[in-house]
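Residue numbering begins at 1 within each chain, and the chains themselves are lettered A, B, C, D and E in the order written.
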């Protein structure tokens, strides 16, 4: 019960913050709402026994990616979104059926998944995953290839960002 | 001579292409000289004509056929053959091409190299269409020939050339792509039927297998007949699909019009003969009446519209609609005579309407107008021209002793004898009368009477080149009129074969019976 | 401790290209005027990778009965499909490298980053082709996409390029999110991200981990999300809206690359997941569902692509819409469960598209100033060779015989007709007839119209010249002598994912 | 839940918090006195003996000062900013172990508020949150100096976090754990009874990198660009006054303490020292002493070094620190392979 | 014990909010943030399945996704800066040189 209550609190906060992301007019407020979402999600990760990813979530998303966002927002000094939403009301209207379809479809599916794997006898025997050891082991065995490939990804992201953001050589 | 046999068909297809290449190389190496380019083009087209002459005697010789695998996995072969059906059409093509090139000798001035290149490529495409005995190869030439024609109309054409060129291509494309689907379907069905070995696109094999064991259901025949038929009907052009024709003919340069009217339209009728009749005989019976109705409508409609045209080229264009109606009518009569006549009429139309376009081209060169009202009394300044014009017009009308008469007569008799309603023949006969009306009326307004416009008074008569262009055609017109059996003998067997197949698959209770 | 199945040899092409990419970065860092040398380095890398791919192809062929080769614990799967597509990517990369030299030199852009990004993007695409796990599809996709985003925005001071990159980026990541969600749901339904395990799970109907019947709804929704994601990547209607803008704004030589490579890559991953993993033999119901859905999408794509292209006045937009339509055609082969026809189609599509864009890049001049068709009036006879090359490419796209485009279409139509997709083939055929109109419109401008203003004759560098010549040769080769390629591919038909 | 456990928690939190807050206050005093010493002046010495009551006086002053919120400031963020700065800074202390498990009152008590197996990551996660306080302050003040300060801070944080993490990776490779307790335990004992088995001796490069990065992360001299008073008045807290200003101050010093504690745990063997095995309660004492060493170092640096220019800072971070840190990782990995 | 479907539902809701955000937000950076939100929602799904299955590959997947997100953020924000340099606006309505 404690856990469920805790989850509900986190979930409410997360959804609230997520809504705030799209309701806020100022990008900076959106950014901070988003950090809130990330923090709540980190909480849920920890509830799911994925502590490692919870910490990584905070370090990478909240601590690095969002700092980057905030940095750019500040650098470009974007105080407010320039256009009010109502000018594009039709887009709003478009998004409503879209959202409705998406959510009905997914929720319908998900709420049908009531089977709890943990009740299965053979599942209980399996060890918990999510500690740094199992993640580390996984990364260097089965996921070796993707793990190595992230180096290429990051290299090219660095090269790309540098090219795009540096000033023209005059 | 026999040593040439295996190469001659290849030579026919590739000689013009070789000419193109040599022309382009000449241009690069020796330098810009329009006159020499023209000579090269003329030389190669004439050479092709000469090379094609022996076919008259060699037709049907198995040594002629070229058959090598091309894309083996897909069953595509490079298969060329000439038979009674294609023989005269090939010859018509090879003969008209040098004439067409000659006709544009002085009238085309800019981009001569490209103009001639397109002409020669066009010739390759046309000869290829008639010789190809593989469906994909046929489709290939059929499509490839569109490109040079598109450019000939688009670049060297009249004022509304862009519209005409695009319309021409789009019309043809729609039909031909559906034909591609039908080709694929036929290929697959033939493969599924497990007759005669592996899947193939070979026309001869498929036709033979179909004649031996008709593995196509009526429904399949129905749809494939429609798909092939649409492509050919557009090309012919059968009545409701004809609207591209006046535009294209009018806007094309003279040579283009000659080729268009002389050869391109025959590809449609040829296609009907080659594919629709022998391959889908049941469907052919089913569609015979509608097509004959359309053909008759075409005959009369074309003639009526031609009558009110103030523009000579347009008049001739509409007369083509009318004449090709005859061809279709004869073909779907399913009698030997009708089909022979239909084949003969194809040649006639090629020769005489080609010649008519040349005539128009000649006076257009002098006056830069094609309006009938601008002329009158040309007989005085241009007597030779007027004589030739008159003969050609008579041929188009179908005067006895000239070629047109033979074709139309055969068709009308054939239709009259066919199992279908005699009313078709009766209506078609009015077409003959109407054609006399519009053609003679035009000749009368242009050639006879007083000279109405001062500009016409001092027009020069035909020069040597123009005589070279027109005289062979006129000779041919007369020859075909007096000695038709020279031509008909060579096509008889093929026509008979097709007729037999069609007859064999005649439905027990055709719709047509009820009409009688 | 499980033994690691690391077969570095199987990823040799990937490794070679990655190293070449890094090398060209380093080389460029120490050598400022390195444009041409970089082309040679890249080409050398690409050719070496091609050779090793060829050897792997032979290896796969000789191993035919044991199924495909796998490496890195099933992360990499090599079968004929992946290798065939890898070849396509290598060709695309090679032609793009050649083509882009002129752009880089003329506009004084830094070449080393461009070339290495191009190679990294190629590596990403190759990874997608050889992916044996959803995570590899994702990672390969992202490597390719991120590199392409940067390439699209390479002309930094040009607003059009900026916008193009930004739009590409936003819609690209948006679609990636869908793709990812789909993957997550499929993982949830089947209990694995490995494609082979997934297909086994689908075959047995049981979750791979719990051994209980899996929740089919999850699988369906997951597949739907994947469909949306891939729909964006291959730009099927209604997910195509980004394509014209992005293609128009990016530097033309980049457009040539991204209209071909990433699209083919998306196709191969799409094939891998849908045709092989969600195959009819595993789950008939799932298969028919997506086939029906995709059929509608394909028809929509062709119609929208072709109809909208008719009214475009900018050549790059015309080509963009044409590429949308081509995705529709390729989807037909996809529906017919025939990867060979799709591969062949993508090959022809890539070659003729790069060729066309190469011509456009020359005609448009420095900075891609003249991409409006109106600007081209009367240029045809002035630059006859270029115009004829463009004509050939355009006719190939329209499906004129003797060109690769015809063979590709023919092959696809034949397969699809054989499998009973009659209506869609007829729709496709009618669409190609319509498409002739806009493919010939540049010709109208070039040849049939008189010059508006006196334009200078466009000049081109030798690399562009070579690119166009190669593309021409390829187009004709594929159109006239596809036999050898077909027989190569036919052999491959027997060897598929287990 | 076991009631004793709860009591234990409350007591631990209470003690640590009290000590920590007082320590922070006195570190300020220490800094001022030490700076005075370095600059050959007295520093605050009037309030109480040796100025020992100075922190109290400062506190009272802060409480009673007028609070000013600029008119164009973004009020919400302006008020939140100090909190955002302070909370992560104080929370980190929760996972820092200051001694081994001791046996007190018949209970095994861990000398840390809580123990998680990835405490290293938790600290990194929390400290990376700290930047938002500065950024928010800089943004919400609606003042260009503040904005510049915030910008510089975020850029600096991102840049140096990389080398910081990479330096830590070296240690993690050696100890094979992300648990600070475990890392400290790995450094137990000595080589030949003389040299303690501290990581500083096995990876001096890593230590140096860590130290430099951590100084940059805490925005201290010579990396105090975000508040460089000669250029930016006072950087991100230009507009702040009274308690809000004090909170930023506290956060900065809390960060310094955390950083010093990390340095101690990672490189100086944590609470290890002579006789710790026998008397576990000596651990915290050693620990405090080592932290103090680092704090003095901080102050010493402030008294000695000039400030970097901004571009120098960036260039140093990206072109020197990160490459060296990467090389260090490779080196350490090779060493680990060789040693174990 | 929190049932699996709760996590999945939360994830679905967040994903939808993000997707809607992409449609309604007019600022490039905000749109980009919404995309990040979507990615995070997916991560939650993956982790939830992974820990309920007690199978690590889902979490490893998330690890890769996070890396990718970081790389994407770097490039994306660089692009934003590049655009802003040329055109003093990030409003998608102003980014209209290419017709949509």
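Keep in mind that, in the parts below, contacts are C-beta pairs under 8 Å (C-beta built on N, C-alpha and C of every residue); 3 or more make two chains touch, one makes a residue touch a chain.
Every value quoted in this text rests on a predicted model; they were computed, and no experiment measured them.
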- Query: By the touch rule set out at the top, what is the minimum number of steps from subunit A to subunit B?
  - Reply: 2
- Touching subunit C and subunit E alike are A
- Farthest-lying chain, centroid of Cα atoms versus that of subunit B: D
- Task: Could you tell me which chain's Cα centre is nearest to the average position of every protein Cα atom shown?
- Result: C
- Message: Please tell me whether A-C or A-D has the greater number of C-beta pairs in contact.
- Response: A-C
- Query: Just curious, how far off is subunit E from subunit A if you go by their C-alpha centres, in Å?
  - Reply: 6
- dist(centroid_CA(subunit B), centroid_CA(subunit C)) in Å evaluates to 43
- Task: With chain centres taken as the means of their Cα atoms, state the distance from subunit B to subunit E in Å.
- Result: 64
- List the centre-to-centre spacing of subunit D and subunit E in whole Å, with centres computed as mean CA coordinates. 32
- Task: Identify all positions of subunit C at which a residue touches two or more other chains, and write them in rising order.
- Result: 135, 139, 142, 146, 149-150, 153, 156-157, 165, 185, 188, 209-210
- Message: Per the touch rule above, enumerate the chain pairs that touch, sorted by label.
- Response: A-C, A-D, A-E, B-C, C-E
- Query: For subunit A, which residues are in contact with subunit C within the complex?
  - Reply: 105-106, 108-110, 112-113, 115, 117, 120, 122-123, 141-146, 149-150, 152-153, 155-157, 159-160, 162-164, 168
- Note on the structure: Given the complex, residues on subunit C that touch subunit E span 134-135, 138-139, 142, 146, 149-150, 153, 156-160, 162-167, 169-170, 173-174, 176-177, 180-181, 183-185, 187-188, 191-194, 209-210, 241, 244-245, 248-249
- Query: Once bound in the complex, which stretches of subunit C touch subunit B?
  - Reply: 381, 384, 391, 395, 399-402, 406-407, 410-411, 413-414, 417-418, 425-426, 429-430, 432-434, 436-437, 440, 443-444, 447-449, 481-483, 486-487, 490
- Interface residues, subunit A side, partner subunit D - complex: 28, 32, 35, 42, 51-52, 55-56, 58-59, 62-64, 67-68, 70-71, 74-75, 77, 131-132
- Give every residue of subunit B touching subunit C within the complex, in rising order. 69-74, 111, 114, 136, 139-140, 143-144, 146-147, 150-151, 154-155, 161-162, 165-166, 169-170, 173-174, 177-178, 180-181, 184-185, 187-188
